[in-house]
Amino acid sequence: MAHANAPYLGKDLLGLEELSREQIGAILDTAEAFKEISNRPIKKVPVLRGKTIVNAFFENSTRTRVSFEFAQKRLSADTVNISSTGSSVAKGETLVDTARNLEAMNIDMVVIRHGASGSARFLAERIASNVVNAGDGKHEHPTQGLLDLLTIRDHRGPLQGLRVCICGDVLHSRVARSNIHGLRTMGAEVGVCGPLTLLPRDVQTLGVTVFRRIEEAIEWADVLNVLRLQLERMKGGFIPSLREYNRVFGVTRERVERAPRDILILHPGPMNRGVEIDSDVADGPHSVILQQVTNGVAVRMAVLYLLAGGVPDHAEAAKTGGES
Amino acid sequence: MAHANAPYLGKDLLGLEELSREQIGAILDTAEAFKEISNRPIKKVPVLRGKTIVNAFFENSTRTRVSFEFAQKRLSADTVNISSTGSSVAKGETLVDTARNLEAMNIDMVVIRHGASGSARFLAERIASNVVNAGDGKHEHPTQGLLDLLTIRDHRGPLQGLRVCICGDVLHSRVARSNIHGLRTMGAEVGVCGPLTLLPRDVQTLGVTVFRRIEEAIEWADVLNVLRLQLERMKGGFIPSLREYNRVFGVTRERVERAPRDILILHPGPMNRGVEIDSDVADGPHSVILQQVTNGVAVRMAVLYLLAGGVPDHAEAAKTGGES
Amino acid sequence: MAHANAPYLGKDLLGLEELSREQIGAILDTAEAFKEISNRPIKKVPVLRGKTIVNAFFENSTRTRVSFEFAQKRLSADTVNISSTGSSVAKGETLVDTARNLEAMNIDMVVIRHGASGSARFLAERIASNVVNAGDGKHEHPTQGLLDLLTIRDHRGPLQGLRVCICGDVLHSRVARSNIHGLRTMGAEVGVCGPLTLLPRDVQTLGVTVFRRIEEAIEWADVLNVLRLQLERMKGGFIPSLREYNRVFGVTRERVERAPRDILILHPGPMNRGVEIDSDVADGPHSVILQQVTNGVAVRMAVLYLLAGGVPDHAEAAKTGGES
């Protein structure tokens, strides 16, 4: 079962750019079926029992790592974590050597987060184990994109024709890129809004509408996906100050209340409250930020299940332990 | 079962100050029943199978974290560790956001250690998951207090009327506070002994007897609980030197041998041998320091079991796997 | 079963120097039987279910720690990791106190890596739990030695009479010492080759042949075990430059092609490609470097199984879950 091409996804999940509408739909449907496991008194099914997974996080992350770990444990996999601190990578070993060594230990899957764009693909091409990209540089963060799509679908139904605006530091954001690819593939209209210094120069080639003013974005959109502002951008000269950023681009209650329709607010976290988003909005009635986190576990369970050769139609049976 | 108020403890264990004599007694009795599990060839019962627990240690600790982890694994829970290094907290996220995110992943329990007094309560009031305080600033460290009580009870029987003196840096010690509350609730007489600079100014309002000389404390007490001297206190000007501290307040063999009765010596560890306690005493016949560690696992198993809705009278049945 | 002297190994595995030919043979045979588990779809047998193991890595290591962790998880043990960062050791606690505390938590085994030669023995003499040395200073790294032996035996049959040359920084290498002891006990002829500054002064008392030129070593040997060059040696003045080291002692394709027989190339990793070994050789037909990694998991499973009281002849039965 392991190390084989999954019938629905291929060997790896590297980005949403490569996935078809059917593939994304299959992941979301499977995640929908898996949600219920995390609400059981006993949150555990034997789907990945005896599978060995390495979570290789060469960049810090609590939220994504913990989400993957619980997804793995709820599927009964055996997991080991490695981080950059203390790893052989710190001893100057190449990523390929690290990967080949893990594979030689008969690892079934590697979940990798790494600062270099393309590192997940680089790895995937060199080992037979399934590779899941948990964020590679500025490239993609596909499970984040998928959980955003699932959360929007939960609240607004089919994504076709929905208007979703991604706000903030699109230039440096792998979350933005995964959202843009996933949303467009599913038929949504995508906008971006942020200071020119934080939008990619070629942003229009991505097939998105560009908004210069947050008020216009809010008037246009059914959904806002508000990106985290990396505070170090200020030092880099991309924005004049945090206060100024909040004044011009902050998603505030006042602005949200002027929206012409019942707008949905997402944020991938961790939030800078009072910078890109105000607490009133983050904790308000339009926010689905915590449901994104809940959906994150379900989406990651679905991806791991499908990569291990699971079949979407069998997800219900797998949950009862009928398939292991 | 999870997220409900435990019939015996309420939703959380935040401190011993809030617990009644019956509640503390129930925890100690349950711990007594659970001790035996750690002596089996197969140290595992299915009491918390499929429960998900996060150990969030924002301050370093090996001993407490490992003790909780083994308690959790022996009860078959799925656990994930997060530490301050590499966590979203390091990215500037608030503790509330971290907590809400964990909860959104359908976590059953959070074990938290944090440098700020009151942080465990702050968390507990904001999430529905059970919260166990594993040490919050200078406030409380309730499972340490409970394991101290259990160890004293193991050796001296009922705590009612026993004289227990807490020696050393009472001012900065959450262990001291948990001991004082727990011991007094159980009817013990409590003394404290240390340099005036390391005793709280309002110490007498806590209902304890103050000893200025270690010799007097030893003459009075049935039990000494010797606190770790934080070596950084010397730099803070609280004590003149380590050597001087040992000379005046050190629990030495010579002093212990002059005790009028068979005194019992506890220390929460890690020990500064030759400072607050001499090796002769730490490893001598009066010391029950290693039994404290053994009892720590049993006490933590009991607390997790009771918070998950377990009933003390059923602890014996739970151990055989008859209840999961 | 636990804490008892294993009939085949004694209580601990501290080094290969102490093991007899029969003992090493028993470990290798057991590892051979366990290899197959890691190729199953469900890589898990209940051999160590309910056993608790601490991996105490006071020096950084990804590869060895991950290998031990997967070995433990594939045998169904419960494991907890501690590292120097954040441990009580960082608070000034002695290694003995740390060890006694772990033991007091009813730990069955401790796997220790530590910078001080002799630390594993020091620990083993003070606690009843089984101790496995995962590398102690410049002394020994016995599971690495065993996996090297297993890999050579897999490819060249019985070790008796084989010529194995260890190349590089023999002076500082615990891998070299474990190899020399293990290989000589099994009847192999052992050579060493490296700059005089990186060979122990008393190297000849170890019963090995010394080669000053890598070309001579290659002409003599059936097997080369190429050690990692610690890059900090250059700063220490042990070698003039990395380029010069590669020029004189590097295992290059050109040199390997001149070997008079089908030479086998091992390296314990992580490799400095282009320094002690060229990529052509590391990834070439003579290299068994990745098989070493694969064998590492099997060897560690075997060691843990035997220390827990397992019997080599029963290893096959244990694999089917017939013995737990």
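Labels for the chains are A, B and C, by order of writing; each one numbers its residues from 1.
The definition used in the following text is that a residue touches a chain if its C-beta (ideal position, glycine included) is under 8 Å from a C-beta of that chain, and two chains touch if they have at least 3 such contacts.
Given the structure is predicted, the values throughout are model-derived calculations rather than measurements.
Undergrad: Interface check for copies subunit B and subunit C. Shared numbers divided by all numbers used: above half gives same, below half gives different; which is it?
TA: Under half of the interface numbering overlaps between copies: different.
Undergrad: For the sequence-identical pair subunit A and subunit C, determine the rotation angle of the Cα superposition and round it to the nearest 5 degrees.
TA: About 120 degrees, rounded to the nearest 5.
Undergrad: Report the inter-centroid distance (CA atoms only) between subunit B and subunit C in whole Å.
TA: Chain centroid spacing, subunit B to subunit C, equals 39 Å.
Undergrad: Give the residues of subunit C touching no fewer than two other chains, as numbers and ranges.
TA: Only 85 qualify.
Undergrad: What residues of subunit A sit close enough to touch subunit B in their complex?
TA: 38-44, 57, 60-63, 66-67, 69-70, 73-74, 83, 85, 231, 269-273, 290-291, 293-294, 296-297
Undergrad: Could you pull out which subunit A residues touch subunit C in their complex?
TA: 1-2, 49-52, 54, 78, 80, 82, 85-94, 97-98, 100-107, 324
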